[in-house]
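Below are structures written as C-alpha cells.
In the two complexes that follow, chain A is the common piece, with chain B as its partner first and chain C second.
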Partner chain A sequence: MNKSQSGRYKITNKRSRPLTYEMAKPPYEIAHKKSWNSWNTSNIINGNRPMECAVEDLFIRKFLTGTWCTLFLSEIIIKRNHNMIRIAGIVKKSYDPIKYYFLIGYTEELLSYYLHCPVKLELQSAMNEDIIFKYI
Partner chain B sequence: MNSLRTRIVNRRNVQSMMRKLQPFSTPVSEKSSPEIKIPMRKERGPTDILRALEGTLLNDSTSNDYGFMDDPFFIPTSTKRKRIYALSKESGRRAARFIVENHSETLYSELSDPLIKAFLPPEKYTEKSQVSDEILMEFIKKGSVKDSLHIYELLEKNVKLETKQALLELLCFYNSEEQESSEDFPEELRYRARIQINKNLWNNNSEANSLFDELKNNEETAAAAYSAMICGTAKYGSVNLAEGLYKESLKKNLSIFSTCYHYLIQSIRFSKRSDEECKSLIEIYLKDMIQKGLSLNVDVLNAILSAAENLADNVTYATSFFSKFKSLGIEPTLTTYYYLLLILSKNNNYFTDTIDENVFMEILSEVKSKDFVLHDDTDQCFFSKAMSIAAKNYFPTNVGHEIYNIFLSKNKRYFLNNIQSNHFYNDYILMVLYNESLLDFQMFYTKFVPAVFIPDHETMKNIMENFLSYRKDNKLLPIMALFIKHIVSFEMLYNNNLLKLSLKAIVKHCTSKEEPRIQKELGEYASKVWTHLKSLHERVKYQVVLPMELYSNIIILLLYASEFEKALDVYDYLIKNPEKTSGAFKPTELNEIFNQCCTHNLTDLALLVLQYTHNSGIGDQQFYDEKIKSHFVLNQMQKQQLSKIIGS
Partner chain C sequence: MSMFMYSKTYFFKPKIVNFIPLRSIKAKVPNTFVNEVDKDGFRILELFPTKIKKTVKYQKSIPIFTGREQKMPVDQDWPTVWPSQKTFQPHSVPLPVRQGYPKPGEGPFSKIANTELMKIPNFLHLTPPAIKRHCEALKQFCTEWPKELDSDAKCTEHFPLEVLYSDYCYSGPSIRDPLSRIITFKVKLSSLKLDYHAKDKILRLAGNRYDYTSDIITIITDRCPMRKQNYDYATYLLIALYHESWRKEDWENEKALADMEYYDWEKNQSKKNLVTIYAWPEIPQDFNYAHIPHAEEYKVAVSELINNGEDEHSINKYKQVVKKLMFFKPEKNHSTESE
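Up next, the complex of A and B:
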C-alpha cells in the first residue's frame, strides 16, 4: 500500500504543479471526499456486461478527449441509467458557444449510433484557473 | 401524581361516553353486494402515462430550455442566439449522420439486443440480387423517395402492381423530392416558416408520369392512380392539370378517393376565377362526393374555409358551411377555428383583424371545451392568431389571460412552433402593456422574460414608446432599468431606433438629483451604448450617420453619472467628426450640458460647448461667455482657447 503510486502526483520544487480537486484527492478518498468517474450497475453481483461496460467507457473517454481536443478541464464522468448514457464534465470557455453546440450535437449523435442507446452530454463551463484546487 | 389520577379519570369518562354514543352511530350496511363489478378497461395511448406524469410537474419559470446546456455560458441570451445554438447542435448531428452514412464501416456495432435497426447505418444496394419487392415496399413506407427510385431502377421496373401504385403515391405526396422527416431534425423544421404554396410547384417527374400512364390503363389500379395524381397536382398548385385529370376520371366513371376532393377544393384559390365560379365549383365537388357516397370529413370543411378566405362577403358562406358540417357530427379542428378567425376578422373594410368580442369569446369557449390532437400544420397558427387579434382589437387583458390558460390546458401547448410562439408571447406582452399599470406589467414581464421567451425588437420599441408617453416621473426609472439591462443582454444595441427611443425615454424621466445607484446604472447603459457606437464607427466601412439627439442624451446621462471623461470623449468625437451625425444639438440640451459643467467645474467641456455655440449659432452665446468668465478659474491655455473662440 505504501508503494502505490497511481492517482498521486509528485510535489515540485517550486510548488508550481496545479491540481484539480479530483487530482488532489488520492484514490483512497473515493466515496469519502470525491466520487466515482463511472456510474453503472455492471459491477454489482450478477451485474450485466461488466467488461463491455469498461471498454465502452474507455472508448467514450478516448472519443471525447480526441473530439473535444484540449477542451475538457475535468475528468469525464459517465453515468448509465436505464438505457441512457449521460456524460458530464467541465469544459474550457475558449470559443463561441456555437462551436460547442456543434460538438455536442455531433458527439451525442455519433455515440448514440455506436452504443445503440441515447447519449446525452451534461456540460459545465469554467476558465482554466477556476478549476485549480491547489499547487503542489 | 394528582395530574396522573385526573388523566385516568378523564380516560374513563371518555370510554363511558363512547359506549353511550355507539347506538347513535350510523349502522354498517349488512347487505353488501355479492357481485364485484370490474370497471371497463380504458383505452390508453403509448404516451398517456408519460403525459399524466408530466401533468404532476409544476412549471419552473426560471428553468432553462431543455435543448440547451444548463450553464450561464451556454444559455442563449437573445432570440438570435437561441436559434443559432439550436441549429448549430442540429448541424453537429447532421455531420455525425453524414459520417454514419458514408463511413459506416468505422463505427459499425451491434450492441443492442434485440438489434435496433434505427441505430444501424443505411444499407446500400448496388445489384439486382440484393433487392426485392418487399425491400422496395419498406423504403416506400419509410418515405424515402431517392432510395425507393434507386431500388425501382435496380429491379428494372419489374415489380407488383401494388408496389407500383405505392411508389406513385409516394412520388405524388412528396412531389418527387426527398423530404426529411420531422423526427430527424426537429429544430430546423421548428424554425422554418410555414411555406404557403401560392404558385405551381409541381415537379413533372418523368418516372411519376410513366407510372401513372401504366397504372391508369389497368382497371384494378386506375381509380387509385387517378386519385394519387389528382392529390399531388392539386396539392402542389398545378390546378389545370388536377382539374383535367378529375374530368378524365369522371368520363371514365372512376370512383376517386375523398382526399382528392379535399385537395381540389383547397386548390381553387390558385385558379383565377370569380367568386361565384369558385362557389359553384365547390358545390359541384360536394355534390359529386355525395353522389359517389363518399363521406364528408373535417379536411373537406377546412379546405372549403381556406378557399372561402379569399372570397368577398364570405362570412355567411363560411359560417353556414361550419354549422352544416357541425350538424353532421363532424368535429372541427384548430385549423377550422383558425380559418374562422381569419374570415371573421377580415369582415370590416376599415381595419384588418377587427372582430366582435362576443363572437371571439364564443370561439374561445368552444376551443376551451375540446381536446385536440395535431391534425394539420395550420393547427399551430390558431393560438398566435387569436392572441394577435385580441392585441390588435385592444380587448381587455383577461381575454389574453384566457387565451393563455386555454393554451396551457389539455396539452394544447404543443400547438405552437418556435416562430408562432414568438408572435404569441410578443402579442400577449403588448396586450398587458397597453391595458395594465406599469408595475403590473413589470411583474408580468419578469414572469415570462427571459425564461419562457425573449421579446423581439419591435416589442421592446413599443415598451420604450410607452415609457415616453408618460409624464415626467422619476419613479419610472427603477422600472426602466430592468428593460435597459435586457436591451444590452438581448443584443439589441444594433437597433439604432431602439437606442434612440430608450435614451430619449430615460432622459425625459431622469434629473441630476436621482439616487446615485440609479444614476450609475443609467450611466453604465449610456457608456455601453457609446462603446458600441464607437466600435461600430471604427469597424463598419460605410458611413453610419446617427441623430445628434442620441449623442446628446448619452452625454447628459454620463454627466449625471459623474462619468466626466467619457462625456468629454463623446463631445470631442462629435466636434471632430461632424459627418457622423445628422441634425444639431437642441438649445435645451446644450443648456443642460452647460449647467452640468458649471455644477461639476468641467472647464474643458464648457469651452467645447461654447465653441459649438459660436460655430453653429445655437444656444445663448452671450450667457455662456459671461458664465465661463465669472464661474470658472481658467489656466493660461484655457484663456487662450477662450479668446480664440470669442475672437473667431
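Up next, the complex of A and C:
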C-alpha cells in the first residue's frame, strides 16, 4: 500500500471539510492539474544557488504566515525573475484596508532588507467562499 | 479605488481559516464599566447592577465594488493599465480568462480567486502596441544598418571573424554567471592569406580545432575569469597562430615523406616503379615519366585513390588506367597489325 500522507486530507463524516483548489489536488498532480508555488531558475539543470533559494522561500513563507496571521486564504506563491521576488496570494476581503497597506509596506521593506532583493507583494482579495473548491 | 473593501458581516460556516492552525487570541476584558460615582467621588457599589442595555454597533456597510473590469472603457490605453510584468489581477483585466482542471460537468474556473492564474507568468504587458512603443523608444539608440552589407555573403567577406558568447538570465540577487566568460572565435581558413607552407603549418598547429567539412577554425577560451580577458586571450591566440604559421624554421626543411599531409605521387615509390617497369630491362637514368603514355592519368588515379579513400568510382578509375598502361599498344604496331 502507498502510505504517503503529505498533501492529502482526510474525508470527514459530514463532508464538511472545505478544500481549496490547491489542497484538493494531490502532489502528484503538480504540472498536470496545478502548478508550483515557487517559480525560480534555481532548480533547472545547472541552475545557480538552489539551496539558498529553497531556504529563502521557506523563510518568506514562515515570515508571511506569522506576520499576516490568518489573513492568507491561499498558499503563498513566490515567483522570482532576475533579482525581483514577487510574492502573490489571496487574502481575506473583510479586513481593514489601512492595516493591509501597512502590512504590505512592512513586509516588502523588511523582506527586501533580509533578502537583498526588491520584494513585491501582489495580492488579490477574495471572499472566503470564493476559494472553496469542494467539501470532503 | 481601494483593493480591500469593507464588507457586510459575512456568515459562512465552516471557514477555511478554521483549518489554519495559527489563530489570534483575544484577551478577556475585565468587567470595569462601572463608572458612576457619588457626590464624594466614590464609585457606587451595586450588588445587583442593573443590566446596561447594549448598544448594537452597526458597521457602516460600504458596498463591495465588483466588476471594475466591466466598467473599463473599450478604447482604453492598455499598456498604461498594465505597464510591466505583474501577477494576474482579475479586477484589472477585462478578459474572461479561465484556468484550472474542472470538476466533471463543469467548466474551468473563472478568474476570481484563481491561484492557478496567479502562478503562471502572463504576457499582458507584452501586447503588440506595447512592444511597438518599446521599439519606438529604443530607436533613438540604434544606428542604421550599412547599405553595402545587404547579403550574408558580403558580411562574411568583410567581417570574416565571428565572436560568440552568451549572456545568462537567472533569478537571484546576482546577475553574474560564470558561464558568460566563455568566448568562441570562428574564422574561415579561406579568409586568411596563406601560402602552401603556412596553410600546412596552421592546420598542424590548429589540430582538432579545424573542421574540414566547414573549413572553419574554432578557438574557445574559458581559462580567464572575465569575458574581456578571454576575448583578449582569444585574439592573441589567433594572431599568434597566423604569424607562427607564416614563420619557417630551419628544421621544417627536413620534412620527409612520412611527414607529408597528403599523398604526393611524384615523391613516392609508385612513380619509380612505373618508370623502372617501363624502361625494363634497362635501368632508368632519371625518373622522368613525361614520355610514358597514360602516366599522367595514372598519377591522378593513384593520388585520388589514396588521398580521397577507396570507393567504387576511384577503384574503377584506377583499374581502367592500369589496364591502359599494361596493355598499351603503340600506334605503329596497331597500324602494322591492321595491314
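In this section, the second predicted complex is superposed on the first by the 135 of 136 C-alpha atoms of A that agree within 3 Å, B and C clash if a C-alpha of one lies under 4 Å from a C-alpha of the other, contacts with A are read in each partner's own complex, and residues count from 1 in each chain.
What we mean here is this: contacts are C-beta pairs under 8 Å (C-beta built on N, C-alpha and C of every residue); 3 or more make two chains touch, one makes a residue touch a chain.
Fair warning: this is a prediction, and the values are worked out from it, not measured in the lab.
Novice: So in the superposed three-chain picture, is A:K93 touching just chain B, just chain C, both, or none of them (first/second/both/neither)?
Specialist: both
Novice: For A:Y21, using the defined touch cut-off, is the partner it touches chain B, chain C, both, or neither? Pick first, second, both or neither.
Specialist: second
Novice: I'd like to know which partner A:H116 touches here: chain B for first, chain C for second, both or neither.
Specialist: both
Novice: Decide which partner touches more residues of chain A, taking chain B and chain C as the two options.
Specialist: C
Novice: In the superposed arrangement, does A:Q124 touch chain B (first), chain C (second), both or neither?
Specialist: In the superposed model, A:Q124 contacts both chain B and chain C.
Novice: Have a look at where A:F102 lands relative to chain B and chain C in the superposition and call it first, second, both or neither.
Specialist: First partner only.
Novice: Quick one: is A:R61 in contact with chain B, with chain C, with both, or with neither? Answer first, second, both or neither.
Specialist: neither
Novice: In the superposed arrangement, does A:K34 touch chain B (first), chain C (second), both or neither?
Specialist: Touch status of A:K34: second partner only.
Novice: Check the residue A:I77 against both partner chains and state whether it touches chain B (first), chain C (second), both, or neither.
Specialist: After superposition on chain A, A:I77 lies in contact with chain C alone.
Novice: If you stack the two complexes on chain A, which partner ends up touching A:N48: first (chain B), second (chain C), both, or neither?
Specialist: second
Novice: From the superposed pair, tell me which chain A residues show up as contacts to chain B and also as contacts to chain C.
Specialist: Touching chain B in the first complex and chain C in the second, residues 52, 93, 97, 100, 115-117, 122-125 of chain A appear in both lists.
Novice: Which part of chain B faces chain A closely enough to touch in the complex?
Specialist: Per the touch definition, chain B meets chain A at residues 69-74, 76, 81, 84-86, 88-97, 99-100, 107, 109-112, 116, 119, 121.
Novice: Where on chain A is chain B touching in the complex?
Specialist: 52, 93, 97-110, 112-117, 121-125
Novice: Which bits of chain A are touching chain C when the two form their complex?
Specialist: Interface residues on the chain A side: 16-18, 20-22, 25, 29, 32-37, 39-42, 47-49, 52-53, 65-66, 69-70, 73-75, 77, 79-83, 86, 88-97, 100, 115-117, 122-132, 134.
Novice: Across the complex, what residues on chain C touch chain A?
Specialist: Interface residues on chain C, with respect to chain A: 2-7, 9-10, 12, 14-17, 19-20, 22-24, 64, 85-87, 89-90, 100-101, 103, 109, 112-116, 118-121, 169-175, 177.
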